[in-house]
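Have a look at the structure that comes next, please.
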């Protein structure tokens, strides 16, 4: 058997522990798809795989147990998926029958978003698709996820870029009856950004994270939404074997264009600062930022970006996380 | 007088009227709603007929025009009580028959309950003319027919919306505004005769203390979250609380206001010193239900609830008031139709 | 148009400290209340509170006010000569005629003594108008006792039988200890049909004291109670005090027991 593993990896297949068998990964940008695609996935799994499919953490499907020589056939079969879930979104796919053109930049995942969830502040799938269109195909290893609110059900904090929906609550004091539902809830479940003064509510803008809970709780519509959409971006979160950590807030109260532009700009930063000696040419962007420095990253990120009047930018980020200095905190029990 | 007139002609009349009147109607406030990308439909001032939302029930009733959510009763300068200046303009409200009947209930409390009239309400109420929006279809949760609140003769003008508008003008003061703006026609508004939701009303003579202690309220103790939305959207809930404040910038000055209160909301019965009643949410549901379909009638001769169904539409816990009424009736027996 | 929410300004002429937290304010005013009525006491920028009139006379009314909230806190900081704003009187009050020439029992718990004090004083001044007056007065502890001097005066009245009790005594207390309910069976009732009973106090005290009297074969028609509820307006508009079809501010605060037992909050 003669397989160019580099090539098949970029084609979204992988080397598995079973010799001769590969697995196909199907992207679902924004984590939402029409069920008609299930038929294709089912057919591949039954005809070429072992009849099973794995749902990946990034909201894709992984079909295991495939013979390497069936790749061209399968690539032709998934053409409608590439058409519907990439090309139709505006993603450039060269040869529609040649399978996925890249796999480095991972599927842009999303929580259920405001299509369904009452907490979500925007359509996460739509934004994920716009981001997919702006950055895919790309071999650079970048993980992105969109979540509707700070509950962060998609775990945006575990991504290189996590986009969290924000809403600016607008207060109409004349509609407020002073029931304190918002104040009590904000104190209990959020950051305590609200307080009562003279029977009306005062909002501490610095404490407010734009979750929209006050709007949800208000029984009279005294709190309403600014229809303009805002986003918080957390960056450089990761798991892994070196230094796992939660992503930290980079931007607050920015618009969609800014979010997309910053992500696109990051690829230029990666090209310039990636470790040229990195094994397989693969280095996670977070480690590049660690080495190059936050301010260099920031300079790249803001190229051509015009921040809105409400935007806030971190002037310093302490990324924290932990390292595996295992013997400091562990004892052998039988010593 | 009845007219068939174009929207342009009607807008022309609205422009004329706006010199003398503030004109309120249900309007759409885009994407400011509770959930992301949802609209709010509630009362606001309009200048054109196109602004009026005719295909959806307003989330809040028009009561907020007559009984503002926050209303200043006195301004205090040092120790002096000063009443707020009156806004000279008269008021036109576009509203459905159920809401006109809702205003009748507000009148009952603010103008007839006890020997004193509430002058703040009276002052606004005297300025109001109703433009009744013909309503023959209703909406999913409406049960106005059961509550005998689907019809009214109490309007200055009635309007049927369409490509063209049909208008019946009963108020003499409005005749000259509309005269000549359209073709004279025969039009009297129709009323809805049947809702999808029907309630059977209980015989109030059979409502005894046994019902107050009935099992049925326990379910609501579990389900109700005491948010008060049902009170606030209700076109007939009229409770309020006094609040005194002083201004941040000058503590010698301040004002006395009233704000809406709701019997479902914590603190409604709490007295200074802390003692309160109906801590249990099921008791609050019972208290409200009894007011709407029992004790108001005992006091005033007709039911308070007008069956607009807004409480059903708004409840985040999907508690249906119409269903609650039916449960009560099932327990005590139906009222005899006179 | 007359604004029913507009209070009138009056002057405080005397303040008596009953306990650490109960002060009696005498206000010079032209309000001529019935026994058991209440007024809305108003302080600009602070608020309004319904307060029962504890006594009245020519050109004045008394209010015994416990410090329990914003308005009453403020009131306790006032001095004679300061202004107090009032509107009212509100409520039905007690009808004195109902009790004249009868055997009257008044059971009062804590501040519940205030709304009935003027009745007691009336019969104290006019003993020929009453056959007999039994007073059961209960307080939490000796330091909570209100109207000490007047109670001592009442004790001297030959027509009066005064029982003062506290829930919990202290080292210097030699009087009765126990709830009012314990003393109901001890009242000497020569003729049940000639009796009228007034019970005023906290909700639970009223409930159980009422039951004690029923135990003694007193008819519900002979018992009167006075309610306390949250109120913003005092005139049947704000809805806070409504119980079923009854507005405590309009039809109360004084209720016949037959009615009161039907009032479920």
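Brief remarks follow.
All chains are identified by letter, namely A, B and C, in their written order; residue positions are counted from 1 within each chain.
By our rule, a residue touches a chain if its C-beta (ideal position, glycine included) is under 8 Å from a C-beta of that chain, and two chains touch if they have at least 3 such contacts.
Everything numeric here is computed off the predicted structure, so don't read it as measured data.
The chains in contact with chain A as well as with chain B do not exist; no chain meets both.
Central chain (C-alpha centroid nearest the global protein C-alpha centroid): B. When chain centres are defined as mean Cα coordinates, C lies farthest from chain A. Here the spacing of chain A and chain B, counted between their Cα centres, is 46 Å.
Mean C-alpha position of chain B lies 39 Å from that of chain C. Each chain gets one centre point, the mean of its Cα atoms, and the points for chain A and chain C are 68 Å apart.
For chain B, residues touching at least two other chains, in rising order: 241, 243, 245-246, 261.
Residues 114, 118, 120-123, 148, 165, 167, 170, 173-179, 181, 197-199, 212, 215-222, 224-227 of chain A are the ones touching chain B in the complex.
Contact residues of chain C toward chain B in the complex are 1-7, 9, 43-49, 66, 68-72, 83, 85, 202-203, 228-230, 232-233, 235-240, 242, 244-245, 247, 249-250, 262, 264-265. Residues of chain B touching chain C in their complex: 73-74, 76, 79, 81, 83, 109-110, 113-120, 122-123, 209, 212, 238-246, 251, 253-256, 258, 261, 263, 268-278, 283, 287, 290-291, 294-296, 298-299. Within the complex formed with chain A, the residues of chain B that make contact are 29-37, 40, 42, 59-60, 68-70, 227-229, 231-232, 241, 243, 245-246, 248, 257, 259-262, 265-267.
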